[in-house]
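Comments concern the structure below.
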Amino acid sequence: MLKTALCRTWLSSKTSFNTFGRRCFGHGNVSVDLQSDTGIATVTLSEPPVNSLSGEFLTSISKTMKELSADSSVSGLLITSKFHGKVFSAGLNILEMYNKSDSYLGEFWRSVQEWYIDTYNFPKPVVAAINGHAPAGGCAFALMCDYRVLLDGKTIGLNETQLGIAAPFFFTYLMSSTIGIRQAELALANGTMFSSDQALQANLVDEVVPLDLVIPNAMNQLQKMIKIPQPAFSLSKGQFRGPNVKKLLGEREEDIATFVGLLQKPYVQKVLGKYLENLKNRKK
Amino acid sequence: MLKTALCRTWLSSKTSFNTFGRRCFGHGNVSVDLQSDTGIATVTLSEPPVNSLSGEFLTSISKTMKELSADSSVSGLLITSKFHGKVFSAGLNILEMYNKSDSYLGEFWRSVQEWYIDTYNFPKPVVAAINGHAPAGGCAFALMCDYRVLLDGKTIGLNETQLGIAAPFFFTYLMSSTIGIRQAELALANGTMFSSDQALQANLVDEVVPLDLVIPNAMNQLQKMIKIPQPAFSLSKGQFRGPNVKKLLGEREEDIATFVGLLQKPYVQKVLGKYLENLKNRKK
Amino acid sequence: MLKTALCRTWLSSKTSFNTFGRRCFGHGNVSVDLQSDTGIATVTLSEPPVNSLSGEFLTSISKTMKELSADSSVSGLLITSKFHGKVFSAGLNILEMYNKSDSYLGEFWRSVQEWYIDTYNFPKPVVAAINGHAPAGGCAFALMCDYRVLLDGKTIGLNETQLGIAAPFFFTYLMSSTIGIRQAELALANGTMFSSDQALQANLVDEVVPLDLVIPNAMNQLQKMIKIPQPAFSLSKGQFRGPNVKKLLGEREEDIATFVGLLQKPYVQKVLGKYLENLKNRKK
């Protein structure tokens, strides 16, 4: 416990070595704890209060992913949340989408794309320890990983339509490749949040476990995965994911324009405004 | 009961208002009962004796779909059969394919395409209350909807190969997107008719219920779906379905030529002739 | 029993008629036993000791497939192994990939492609009686068939990454079309060998049965399949498979170059060398 506590001390873009053979670093509200013996890096999402994905936070994640991808001492990633038992990630930050200029929205969306590309295309094993709720972008984040362990009793799903918006095509593919085209179509149209049991049943997650097992079981799976000859693992993973990333890279500006166009529609702004209003009232 | 009975009085292409806040209209053997409070339109297929899909009937369906799609007071559709407890739809009318000229077949096939485009691409929620058997085109009709409630004990499947023909590529995709590519391949090659239990197991339908629950359960699901912010629902649905409809629109004439070429093969005509002969004998 | 024993006498590229209305023929270590009454051909893989797929053996299989495809008296194929109860096929022969010239590897890979094209694209029903283990290429062989009966207790899977290589894209598609994209991605990245129970659960195989039922149950399914009007069966099967075969035909040389490039990487040769060394030591 002490080790972790020490290691997770926050160091924005700086690297330190502690006395336990771990390197601790990270960007912004992303902390990384790298075990020097196994090469496993634990990436902890720590944006208060619920890991809402703002442009800045997404950029911190992307920077971290790029560094970890380039670091040959890294064997695999475990992605989890600081808000253990509560929220994995609440998804894209709605404040970033409300009452903003086209260019602001465009830059925000570019950071969303970057986060997807760097995470989904990560060349080594990535396991999600989903230790809290994972709606919308939080679900997408988990789907970008190679394996998912969900905390029993928490919910997960792409529920964007409930907010009046629609998930982008690359989220859509994450879901349809995982649970099948039609089940994805239904879940996305309805904005379904899956209970942990439903998520397991639908193969949306691989394991559902109590709180004290989320991290250990995710770590256990990761330890198996890093034993696969890694160039082969990477090549095999790339065969499935490369074409989708390439597709987004090829139509990036078009995708940004689509997103901005959708967001600026009056009814969307109205729904988002109402949502934010409700959120404010709930906090009072 | 009285309300429905009154409302379903038949009005070919004319609209009437009855005293219960319902508008009743339709084309040919398609009747529509629109609840003015919810915006839910019940579309009842009423082509005697088994809702065989002739060119004329298909065109009536397409016209109805186009009108309902353009009507902003419509929130969603429930599609069902007048032949409650017997047949949802017996599929494409074989008489339209036997001993016909190329141009007749071509026009028939154009109406099949139109029906598919208008139904599959319908921008609002569509639920199928499959209150009877649904072979071949009857199954395809149900697959074009967003949700399927099947009457317990009835069968459903794309059994075209049993008649010596093959389903068109857009039927094929309906099945493979719903139950997975390989299960669809096997089912279509074998011409499998699924029992209601098998259909539920394979995710070909979403619910299997006794006769008195087919319509209520379908309606219940529809009431949930119309609560989703509709522009978002429509956008999300369109992300999945748009590309397939676009594909057909782009190769429509080629698809017609393929169908006509297949139908005019002597062995196909022979199999269809035999089938019609058996049908006639069975009726005697 | 006697019939089969007599018939399976080995005849390299020659055809003989025995006294029981069967034609026996084949190429190399592939034997064919054709029942003249049903048109069912039993294709027995008989390359000692474990049906490793060398270039020569693959070419024998392709030649046999081409002949059977052109033979209008053939109604369908049952593919099985001579090493009943032990191995269906051990997959591609590693010796063909170790310490070889680019041109040798290129020709080997061409024979792999040919085997895939001729088997996957076979226009009539093909059932795999998987009467032993089916790793890597052995699994791919089974996946190219229309239906799979697996011997209880045996394993099956695309475990190439465990050997430091990655399955080619056409193997990848065989798996993802059968068990879904994400399950395939996970299984291929991890190099998972499925137990017979897991394989059934994942829909990787259709039946798991004891040894004495593998051939009879496979034959039973084949007898059902050959009753479907065959032009329709073939057309339906081709709708699913044709595009994939066409894709490979269109990028055949590129695929060969990819394979040769991968195989000649020092780390791949090192892993294969180690594997062969272990194999040798185990035999001692």
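Should a chain be cited, it is by its letter among A, B and C, assigned in written order, with residues numbered from 1 in that chain.
Heads up, the rule we're going with is that a contact is a pair of C-beta atoms (placed from the backbone, for glycine too) under 8 Å apart; a residue touches a chain by one contact, two chains touch by 3 or more.
Please read these numbers as outputs of a predicted model, since none were measured by experiment.
Take away chain B in thought and the touching chains that remain still make one piece.
Where chain A touches chain B, the two copies mostly use different residue numbers: shared numbers make up under half of all numbers in play.
The angle of the rotation superposing chain B on chain C, based on CA atoms and rounded to the nearest 5, is 120 degrees.
Rounded to a whole number, the gap between the C-alpha centres of chain A and chain B is 39 angstrom. Chain contacts: chain C has residues 180 touching two or more partner chains. Taken in their complex, chain C has these residues touching chain B: 125, 146-147, 177-180, 203, 224-225, 228-229, 231-233, 235-237, 239-241. Within the complex formed with chain A, the residues of chain C that make contact are 160-167, 169, 172, 176, 180-186, 188-191, 262, 265, 267-268, 271.
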